[in-house]
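I have placed the structure first, in the form of structure tokens, so that the comments after it can refer back to it.
In order of appearance the chains are A, B and C, and numbering begins at 1 in each one.
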Amino acid sequence: MFNVLDILGTIAFVISGSLSAMHRKLDLFGIFIIAFVTSIGGGTIRDILIGNTPVSWMQNTTTMYLIGGVTIFSIIFRNKLDYLKGSIFLFDTIGLGVFTIIGVETGINAGLEPIVSVALGATTGCFGGVLRDILCNEIPVLFRKEIYATASIAGGVCFMVLYSFDLDQNITYISTAMLIIIIRLLVVKYKVSLPLFTTANNDLTN
Amino acid sequence: MFNVLDILGTIAFVISGSLSAMHRKLDLFGIFIIAFVTSIGGGTIRDILIGNTPVSWMQNTTTMYLIGGVTIFSIIFRNKLDYLKGSIFLFDTIGLGVFTIIGVETGINAGLEPIVSVALGATTGCFGGVLRDILCNEIPVLFRKEIYATASIAGGVCFMVLYSFDLDQNITYISTAMLIIIIRLLVVKYKVSLPLFTTANNDLTN
Amino acid sequence: MFNVLDILGTIAFVISGSLSAMHRKLDLFGIFIIAFVTSIGGGTIRDILIGNTPVSWMQNTTTMYLIGGVTIFSIIFRNKLDYLKGSIFLFDTIGLGVFTIIGVETGINAGLEPIVSVALGATTGCFGGVLRDILCNEIPVLFRKEIYATASIAGGVCFMVLYSFDLDQNITYISTAMLIIIIRLLVVKYKVSLPLFTTANNDLTN
């Protein structure tokens, strides 16, 4: 099951990454790099933080062939994929949901505390997109309006609770992923946003 | 003693991080992320460089509760904290001083050479702020005028010298932290700056 | 031989890094930081990915003295060095060639698959420049026109092929480095560029 999740999340992030690179008018090579970084970034940082080295994608060439293949697929079918309005958003959210689950479960298996496992899940889910944005010199997705990390953390907490009830694994996986996807969709549909706290002194030079 | 330093540095960086996030008008979640990254960033990179994994904040849930609590405190008392003009600068400098000490001492305990330990101290002290600036898509604090890393390196050298004399630990700690804080205050007060070296050819495209 | 390569690549990247910092009008300390990050960045990320910690530059103080010395040399002879039009480009390309070789060979010695070793070589060659650009808040060199990573990957593939024929090591090293340097020179001379793939929908907010 773990493997299926990994493949599903990688495919989703490769599609969202390569569509997003094409929107930014990067050349052929830029598309491959962004697809690669978006799909392996979160897992790589997770592996580095817990000391699981060489990191996963280095131990398993399947990942590299999968990324290469799906990127070529995305380039060929770019206009078909783009027909679905918001398709980057969709695939990005699927990737976020799946990689959050993998991250939380990795944390549990490494014997980390629940709150730390949730943080590891959020790191795994979010940092592919964060690295992509840093490489493109944009404000990371974390700080944009779509409540990215909040959805991932809510999913991680949901996973920990269901996991503690010892339910069937598939139910835990599917509920967590659905929760993350639904939160992001609702947030975008109803334009929810988190509260701001302004200070009297707003001098940015401080 | 080590633990007290760790808590002190974390509190200082959480306050400077969350004030700085509020100045940037980030939402509730953005404030938590920036506070988290600013306070654990330097130590995380230190742990990764020397191979101390899972990194410190993953082995000790106290850090996460401390960061959460102090961030909430900073949000509630944001206007009080902001009354102290330059309070971000103040807390940032305290964090820099304390984390530099922790970094240098970690290097010594890991058996690294003095010059490498000083570099590890500067990394630990500076990279929380650097990561914060990268995530916010700003020029990292390292390259701004306030002589950030230079103060940290001077403090690290001071620590190594006092350490070699085998003085009382507390004297070494306090002298190092004071030196870093005083250097930064003097630099800001007297607008000291390091020399520039211009080249005949200033073509930025090169 | 390995050691000679390491020294050569470090010198090349320190010169390109410090010239590039002076072009950006950074102060004395900024020049040292950029020279340091450009020259150790790729190797540090390589070591972290494969779990070789403490990372190389921490185990060997020679690297730090070499970086310090060559940076001072570059500052003193900045105008001489700058006379060679495109000298940043030249030294950067030498560093790219040499560090790609070191990275691929490290991957082979760590028992990684050929395709993974090539990726590790490209990471080692490119990430010094990428980190430099991220710290300076610029679009990383990877996405600029000069076909940086493509040259590094081509060199890595060439190295793997020659290596499998069990040729004399020096021939393998020199052919790989020459190939990378020639590709970059030809690309700049003839303004080659990789194909773009545009989508019907170019909404960057997606």
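Rule of thumb we're sticking to: a contact is a pair of C-beta atoms (placed from the backbone, for glycine too) under 8 Å apart; a residue touches a chain by one contact, two chains touch by 3 or more.
A quick map from chain label to UniProt name: A, B, C = Glycine transporter domain-containing protein.
Since this is a predicted model, take the numbers as computed values, not measurements.
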| item | value |
| --- | --- |
| Pairwise touch network: line, ring, star, complete, or other | complete |
| Residue-number overlap at the subunit B/subunit C interface, same or different (half cut) | different |
| CA centroid of subunit B to CA centroid of subunit C, Å | 29 |
| Of all residues in subunit C, the ones touching two or more other chains | 48, 51, 134, 137 |
| Complex contact set, residues of subunit B against subunit C | 48-51, 110, 112-113, 115-116, 119-120, 130, 134, 137-140, 142-143, 147, 149-150, 193-204, 206 |
| Subunit C - residues contacting subunit B, complex | 19-20, 22-31, 33, 44, 48, 51, 53-55, 57-58, 61, 64-65, 75, 78-79, 82, 85-86, 88-89, 134-137 |
